[in-house]
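Take a look at the structures below.
Both complexes shown next keep chain A, but they swap its partner, so chain B is in the first and chain C is in the second.
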Partner chain A sequence: MKRALALALLTLLPLPALAQATGDLGLVVERASGSLLLVDRSDRAALTRIEGLGDLSHASLTYSPDERFAYVFGRDGGLSKVDLIDRKVVARTMQAGNSIGGAISDDGRLVAVSNYEPGGVKVFDAETLAPVADIPSAGKTIGLVDLPGRRFAWAVWDTGEVFMGDFSGAAPVVTSLGIAGVNPFDAVLTADAHTYLVGLFGEKGVMSYDLWSPETPPQKFLTDYGKTGADMPVYKMPHLQGWAFTEGQFALPAVGRHEVLWVDSETHADRGATPVHGQPVFIIAQPASPYVWVNFATPLNDTVQVIDSRDHKVVATLTPGKAVLHMEFAPRGAEVWISARDDDKVRIYDTHTREKLAEIAAKAPSGIFFTARAHRPGL
Partner chain B sequence: MPRLVLLLLVLLVLPGMAMAEITPEQTLWLEHMVTQDCGSCHGLTLKGGLGRPLTTEALAGADPATLTAIILDGVPGTAMPPWRPLLTEEEARWIADYLTTKDQR
Partner chain C sequence: MKRALALALLTLLPLPALAQATGDLGLVVERASGSLLLVDRSDRAALTRIEGLGDLSHASLTYSPDERFAYVFGRDGGLSKVDLIDRKVVARTMQAGNSIGGAISDDGRLVAVSNYEPGGVKVFDAETLAPVADIPSAGKTIGLVDLPGRRFAWAVWDTGEVFMGDFSGAAPVVTSLGIAGVNPFDAVLTADAHTYLVGLFGEKGVMSYDLWSPETPPQKFLTDYGKTGADMPVYKMPHLQGWAFTEGQFALPAVGRHEVLWVDSETHADRGATPVHGQPVFIIAQPASPYVWVNFATPLNDTVQVIDSRDHKVVATLTPGKAVLHMEFAPRGAEVWISARDDDKVRIYDTHTREKLAEIAAKAPSGIFFTARAHRPGL
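Our next item is the complex of A and B:
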């Protein structure tokens, strides 16, 4: 009798989902068609296309702690929750008119979105996408990152003000960290959550906030780089997410110049500059190596260069394709996936031989996001 | 026969002239540029981003000559760069006309 009951109960249980581990999966943003390409890193292959995500220009995404769900931040203000196992959009909300990116809280419970129009930060329940908090701002918010303890930090392009929001209690507590400078364009958090760096577009320099000792006044550095030559027009804003921190240095894009700048991460002292092919957009450290990889703004965006952080020399120059927009490393650094928008290809390179291993067809690909990001603060 | 010579002359000489018309190939390239490169700041659908919206509606009443000047020389003190190093005056004017009329096409 007992056994029959157990059997009956068992048949009532839902069937287990088709087994699919997500640890080696990723999503490629297909910016013009509002779709995502689900890719398998081990197989170097596309699995399926997930559609209906709206305007994905400048889209980014972040992952849930279990690597099952992606939260996709669209330009049109759409916030979508995508299930990598069921391979579909499971929740979606139009939370603003125009947005730029987002972050997930350290505990994976909250998703925050950085908005341009109307400016501010909105916070949602990661499970349901129900609104949790709405923090308006006096302008476009940029550089949103997660901090330990259910907190987020961000900056405002129009006013230069930097904020920290604490969402651990019943009501959010928002603190101003002061003015970073004129027109902050992006910001980034070091992996140890020690330093929040805010890059400035309207003036020379980077503002550094010590989050381990908030009483320490912020420090501005790189205030006079490239004083000797005229700056060039900036055809694409550099990105700071994935900014390289290596060999005790920050590797930073020189705004308006064909240079990568090296700064001591402790003292902020200038440690030199590397002349490069164009204006850097992304400077990303190859994991488990002394190398950083750099891509460039239009019209010089068919090239990627590799720099050795020990002597600051360019050690390789690759031409992966037309309009290289992004690079994503396998978490242990063995290969790098590079999106070539105008070739409609994602090209995969071996980081040791720097030879092409494979390529995947994708429609105007931009950002590439592997699920390993789920476990990295600030991503 | 003279008509053929004239046609040949037109075909051979015109593209090399300073006030060259925008060719169909250029049109494709310029449309691509508006979507992808202008779109970096103004949004792929031109509804705005770091830069202001550039929809035909948002640009209603804008003077194409003024827009051409902005495209070529940028807006000092903002993130709008001068595109003169990458575009001819004719190409900038084509973009200005395209932006102000495209939604009515």
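Our next item is the complex of A and C:
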């Protein structure tokens, strides 16, 4: 009888949801196979593979405030909601032809997607993915970030215009902040949601918007910043999301040059440059430390360098593997996970000894996203 | 048969662990009853009460990296491990006669407790609460914080000495950073783990330690800071954990005076003072905003004020209830939870409209701790 019962249990019961705290989980984007690898930070292990996400080249994602759900923004315009506890896709909508990223509102109720084709911002209910608002634009939208008070900011590549959208009321209120310049290619928000920095491709310089006082005219700085000529090939446009903010400075990737640039975050004064191994792609601050970590564009993308933000000197050069595409720190900085796409590996380093601790097999891994991002503004 | 099976299921099966993402949970300390109220931020609701925690007056707690477990530091020397998914105390040890707080190492493996009686720091395995290290001191330990690399810092009230302990190797290595001054009463670490600030009770001033370069001599600043005389009653020593760091400034609670003090975080220069409603207890920065929120010592503790860190002006005065003891922000700043002990309520305010959104019944609530703290250094 007991055995019959046990069998019955196995066959009749729906598989119960797993008891799983979600604070130390993460997702690794496997770009070639349209899948996500669910990982456990504490165990330094892969838990399962979640498939059926569509085209994940250049994909990014964000998390719900409870760290249970990921919203995945695919290049093909697919918006997918993934459940980390049930370990599956629970909702999916093809919301545009070509999308470039997204963000979740500070209260976790709305998910916004920034689209290339057709250009604009679409906003969805985070619970159901039902459409809530559709803000068309005169071109490709870039640099979408969440702002406090159920708001978002973004820029338009074709027109150079910067917008702030407030979705806290019954109908969205969209305000223009003016023209940043020719062809903004990316933008980033500081961790205090104070400053929105817009990088330009069609002209030199970076525009800085004070979002605590949006009526303040924006300031242009680093007026020598940008692509300096046709003679200089740019292998990959750097990601401004990776701009590090440390010791009262911004650390910027030089476009097309083998340099990291340092700018005073208050005065925007030039504080010098650090010669590095290649064209920087991501520059990310190691939490609770003076260090930033830098990876590089092809063909020099087997290397990562560590720079001390106090004296701007390179203090370590690592070679984590072939085609290093991304780095993600444990939120308190004890270790860093690095994706080596062409080795099919995620490699984990101790940030203090800078020695390899472990590695995890992954199919052509690119972005690594820990759930701790749920608690940070502007991601 | 089906019904028999169902009954069998109910009686034979252990209650399965709840499927529960843990990113938006929190615990409210109910000081008088030795209990914790488990709350859900998203639902603005209490989930259950967890009892048997001992003396929780002046209690604090910290979270494991997966946001599943809380380590609760009771005034009676009890260290308890609470499981937020199974909703119960899973381990408990009486580790001293009188304790004052604790911290968890950056990798989540060690929990340290700072004790008054007998004085010292005890370190435990975070998994089992088995003792790992015992560092006696010549007096009461205060201001214990976690540092990167499995290290902690603390100070000793009786001798004024400041210590750094490294627990990354086989045996602990404890280093003295010298004497801060007469009777350090509390200390705090900046979010980048760069600066350790020690407040003094027996003499004027604050000592600042550069923990990125611990060989650098400490600096004394605000040399007018402290208790100015027997004529001025101090109703409650302020909590330095609440020191806000915003706009390149520290916002400090004046001791015994109705003022918030502003100090340049780089130069330590005096940047002025804001007259406020009472003696400040906690000064906490609203995330992603220019604002700090302040509560006050008895008998003026029914009020909370909001100050703009840019011009140091009070922009709002709220009266959330009787005996406001603590404030905790949602990690991206959308709302703040405020404990009103003598109303037996936790009241929730929208930080943008500054209007009350909801309230939750709680028994004499004091500290409120959201699980997002798991991802922040120095808490």
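Please note the rule applied: the second predicted complex is superposed on the first by the 354 of 379 C-alpha atoms of A that agree within 3 Å, B and C clash if a C-alpha of one lies under 4 Å from a C-alpha of the other, contacts with A are read in each partner's own complex, and residues count from 1 in each chain.
Simple rule for what comes next: a residue touches a chain if its C-beta (ideal position, glycine included) is under 8 Å from a C-beta of that chain, and two chains touch if they have at least 3 such contacts.
Note that this is a predicted model, so its numbers are computed, not measured.
In the superposed model, A:288 lies in contact with chain C only, and not with chain B.
Contact with neither chain B nor chain C is seen for A:277 once the two complexes are overlaid on the shared chain.
After overlaying the two complexes on the shared chain, residue contacts for A:116 are found with chain B alone; chain C is out of touch.
Of the two partner chains, chain C is the only one touched by A:148; chain B is not. By the touch criterion defined above, A:341 lies against chain B but remains apart from chain C after alignment on the C-alpha atoms of chain A.
In the superposed model, C is the one of chain B and chain C that contacts more residues of chain A.
In the superposed model, A:204 makes contact with neither chain B nor chain C. Legend: residue contacts after superposition of the two complexes on their common chain; A:55 is shown touching chain B, with no touch to chain C.
Shared interface residues of chain A (contacting chain B in one complex, chain C in the other): none. Across the complex, chain A is touched by residues 32, 35-37, 39-41, 43-45, 47-50, 74, 77, 79, 81-83, 85-86 of chain B. Of all residues in chain C, only 5, 8-9, 12-13, 16-25, 41-42, 63-68, 84-86, 106-108, 146-150, 168, 191-194, 212, 246, 248, 266, 287-290, 310, 330-335, 351-352, 371-372, 374-378 touch chain A in the complex they form. Across the complex, chain B is touched by residues 31-32, 55-58, 75-76, 97-98, 100, 116-117, 140, 157, 183, 185, 201-202, 233-237, 298-299, 323, 341-342, 364 of chain A.
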